[in-house]
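In the two assemblies presented below, chain A is common to both, partnered first by chain B and then by chain C.
After this line comes the complex of A and B, so read on.
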């Protein structure tokens, strides 16, 4: 277990290193306009060159890479250029991440609890009306564009239930609708996979033996099926938790939440090269860390995974 | 003979499948006697497993016992309806083990927990008591170093060892009857003998009544005192192992025995039963085996034969035993085997 974890940790570190390097080098290919504030056209070529030199962008690429790593080690992500000129990127993120993470975690908790409960009840009463109704819900969520029901929720549900239509940091009650809206997709996802994995487990031979030894249906569900069905899902949980940071573009703009959603899109559209670089870095690192934690979680839940030799157990 | 411990009479089992009704068991009757070993043989689909599953209420959700009685300890198991009623019998009084030990255990729980679960459920043991008893049982089924093995997972056991664990689970509560559904089919030959030996040992220690479901006649000859031959959902012949092997009366039993590779003659093709088993969706008229039986009488196609008694322990469902029937000789291979046995016996 420890060996497995260390090995995966080492692999993850190498991957992060490669990703950071590749991202940095790719960013060098972006047009240089992104390093000037909005007055690019008014500058003479000499002025432009001076600005680029002062940013260190005319050095050979390996020197740039070295300075980049040196500043990363000091937790310095650089300064924004266009989005909020001369402001530390860390400062920009610091004001936005808490909103996205809080909403993300709230939505995730709702999704997990409701989604797993839904999936479990579907598997338990497979083919009965409970299963059908929830399957209908899952199909609806997956088939109908989110914009349709999200706007409906914002405009009509807010009115009928009497909840605020926009986010207001001072009113806790205004958290409800966005968080619930954000969880709808997650509920459907967790329910679908939980049902699927549980039905898979239910058809296995060991369930027949568990029945033959005289366990009740409920005991089999709780002690054997649910736990086993949760294992493949445990792998994706850490990554989902970490990715709450990136926020939800659509819902944050719908309820005007000052979160991370849409920041990356903004930064790319406005060609704020350093901000794009920092965001891509953060997201890809989070992805890798999430996968690593997922693998560790799997190893905790599944005793058959000892060391990734060959394909592993599953 | 003593009173049977379990007595199934005229059991009919039906399944509803894609809107059609299938009759899987057609009035099968069987008595089990305490401490004895019974083997049920027959080809795939003859209803061996389905029939015994009715003793534990483990039919699939689309199947049900349509009529008949299964008397066990003064109650009729065929009448049990709810899961709750069955839980007093299943795993506690009547246990069952299955063919493939590789998949029969939950891969994510320790072997110890999976045995212990049974003790906690049926005997109310808790904590250290449950653990100690589990380790004791592991030792009893021949697993070395049981206290270390207690905390291990199924993937750390070989196939034969896993089957021992499965057996440990089955016998954990001292059941009266143990049903073994092809317990050795998935194991290699050397392990097979060990598992059969283990079951025999436990039978003696726990005074178990054992039912083997198998199509391996070699296993039957090895372990069984009584043999029931099933065909198309019915028990067509029943007797002691000797009576079935050396004095079979039903043409299907003859055919089954003739298919033994050991009875083949060098240079000649092995015997196989032509045709296919009857369609269970339609009502079967007369003797179910008649269409595949070259020796079938006219009446075999019209009336279902009753049981005829050959000896106090031997019955067969064939018109050949009716006094009015013409004399029909069994196949050469069967006669040769009988003659050999007669010489051997004297």
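After this line comes the complex of A and C, so read on.
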């Protein structure tokens, strides 16, 4: 297992290197007009060239790449170009990440608890009214685009319940609505898969045997069905926790939360190269680590799963 | 030696008791024959579920109608801007009436024909991307999950493609060639299979070392046969549900891409840009029909696929067959 872990981590480092190099080069392929935003027509060609030169964009690509890696080795993510000119990227991120992580974790805990409870009760009372009502909820959430139902929640629920319509750092009460509406999709997702896996599991022969030998329904549910049903979902858990950092683009723009949601898209569209590189570096590291931790989580929940080679495995 | 045992010995020596029986083909058929076929039973079970059959018919009818609609009499052009003959100005934001059945949008285009053209575009994109996702995703996922020599390589490919932001790729594609139906499909196919592959891979990692697969390996079953016969049939129900969700998922993705400004151009109507157009004018209640109509079509598609997926998942479990 240790050998396997070390191998995976070494491989991850290589992957991160490839990803940021590719992204670095792709950003250099974008048209130069993008660096000036709406000022393009106001500037003379000489001014434009001076700006590009001061950004280091006129150097050959391998020189740019070398400078980038050199500063990265000094733990320097560089300064933002367009998004907040000449501000250290580390400073920008430090102010934004806490919001996204807090909202993300809150939403995730709500959706895990509520979603799993929902799925379990659906599987337990399959075909009864509980199952039907929750299925209705799941279908509704999947059917209506998130961009639409989130707006309606902000407009109407806030009015009926009397919660503030925008996020305000000083008022804890304004945290509720964004966090809850952020968790709605997650609740539906967890419930749907929990129900599916449990229903499939309940059909298996060993459950029939456990029933026949007189094991109680609750004990079967908790000890056998839930544990087996949770394994495939465990793979996605670490990644979801890590990716709370990326924030929710819809929620954060609706409630004007100064978080990370949409920052990457924004940075790419405004061609803020240094910011894009820093974000891709962080996100790809988290994504790769998340995939690996997911495998570990699966192996913990189900000890029959062996990740390393051996035992006649192919 | 007692008399009884002697009798037994005699009986054993009695050859007539141990003669080979004549092979009776008819008798063999009677107990050995079964008309059970897995897919036959699955489809039969699926057809028993009335809601699912209705959903299936609704989807076929909807897809057929999007193709028939332009040839019906009295249809409008989905991209034409209609002008009011009295004032000479655009027929903006007309509420649904007998001329424009679903009203017109903010620049005076006919919403009824836009919705059907948009449904056709979005369903076609979703179906093409969905088929690609199923074929490629399941193949890659199965190999990734089962063959450990390929694990490192495919993990590498997955991580690289997954972590290069789609926004960069889409922006570049839009820069190189104009955004269109084809670039959209290209970009979505390039990354769409990743989710399916990871899903299938996780499922296979869970069951790859179960005893029956170990036994199969000991007997020398080739990898392709283990994947096709031992692993994938076991996963049919969850994979089918995942497929059913991937079609509405693709449409939702298109809505998202339009939201961040990388969707299809406005002259190619799709559910993505219709929903986004409607979302923009959500604050004025009198114009809300522009959001409601596309959202309703989108909901019908999603609900149908969800219902079909769950019904097919239940039908695909042989323990539910009888």
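What we mean here is this: the second predicted complex is superposed on the first by the 249 of 314 C-alpha atoms of A that agree within 3 Å, B and C clash if a C-alpha of one lies under 4 Å from a C-alpha of the other, contacts with A are read in each partner's own complex, and residues count from 1 in each chain.
Here is the rule we go by: a contact is a pair of C-beta atoms (placed from the backbone, for glycine too) under 8 Å apart; a residue touches a chain by one contact, two chains touch by 3 or more.
Keep in mind that this is a model prediction, so the values were computed, not measured.
Asker: In the superposed arrangement, does A:148 touch chain B (first), chain C (second), both or neither?
Answerer: In the superposition, A:148 touches chain C alone.
Asker: Touch test for A:157: chain B only (first), chain C only (second), both, or neither?
Answerer: neither
Asker: Which partner chains sit in contact with A:65 here, chain B, chain C, both or neither? Use first/second/both/neither.
Answerer: The answer is neither, since A:65 touches no partner chain.
Asker: Please indicate which partner A:110 is in contact with in the superposed arrangement: first for chain B, second for chain C, both, or neither.
Answerer: A:110 contacts neither chain B nor chain C.
Asker: With both complexes superposed on chain A, which partner does A:302 reach: first (chain B), second (chain C), both or neither?
Answerer: both
Asker: Scan A:231 for contacts with chain B and chain C and give back first, second, both or neither.
Answerer: both
Asker: Would you mind checking which one, chain B or chain C, touches more residues on chain A?
Answerer: C
Asker: Now for A:291: first (chain B), second (chain C), both, or neither, which partner does it touch?
Answerer: Touch status of A:291: second partner only.
Asker: Looking at A:22, would you say it contacts chain B, chain C, both, or neither? Reply first, second, both or neither.
Answerer: second
Asker: Could you tell me which stretches of chain A are touched by chain B in one complex and by chain C in the other?
Answerer: Shared contact residues on chain A (touching chain B in one complex, chain C in the other): 204, 231, 302, 304, 313.
Asker: Within the complex, which stretch of chain A touches chain B?
Answerer: Per the touch definition, chain A meets chain B at residues 204-206, 208-217, 219, 223-224, 227-228, 231, 301-304, 313.
Asker: Contact residues on chain C for chain A in the complex?
Answerer: Listed in rising order, the residues of chain C that touch chain A are 146-149, 152, 155-156, 158-160, 162-165, 167-169, 171-172, 175, 198, 202-203, 205-206, 208-210, 214, 217-218, 223, 237-238, 241, 245, 248, 252, 255-256, 259-261, 275-276, 278-279, 282, 291, 295, 298-299, 302-303, 306-307, 310, 313-314, 317, 319-320.
Asker: Please name which positions on chain B make contact with chain A in the complex.
Answerer: 56, 58, 83-84, 87, 89-92, 95-98, 100, 103-109, 117-118, 121-122, 153, 155, 166, 169-170, 172-173
Asker: Where on chain A does chain C make contact in their complex?
Answerer: So the residues of chain A in touch with chain C come to 7-8, 11-12, 14-15, 18-19, 22-23, 26-27, 29-31, 138-139, 142-148, 151, 155, 196-197, 199-200, 203-204, 231-232, 235, 249-250, 262, 264-265, 268-269, 276, 280, 283-284, 287-288, 291, 294-295, 298, 302, 304-307, 309, 311-314.
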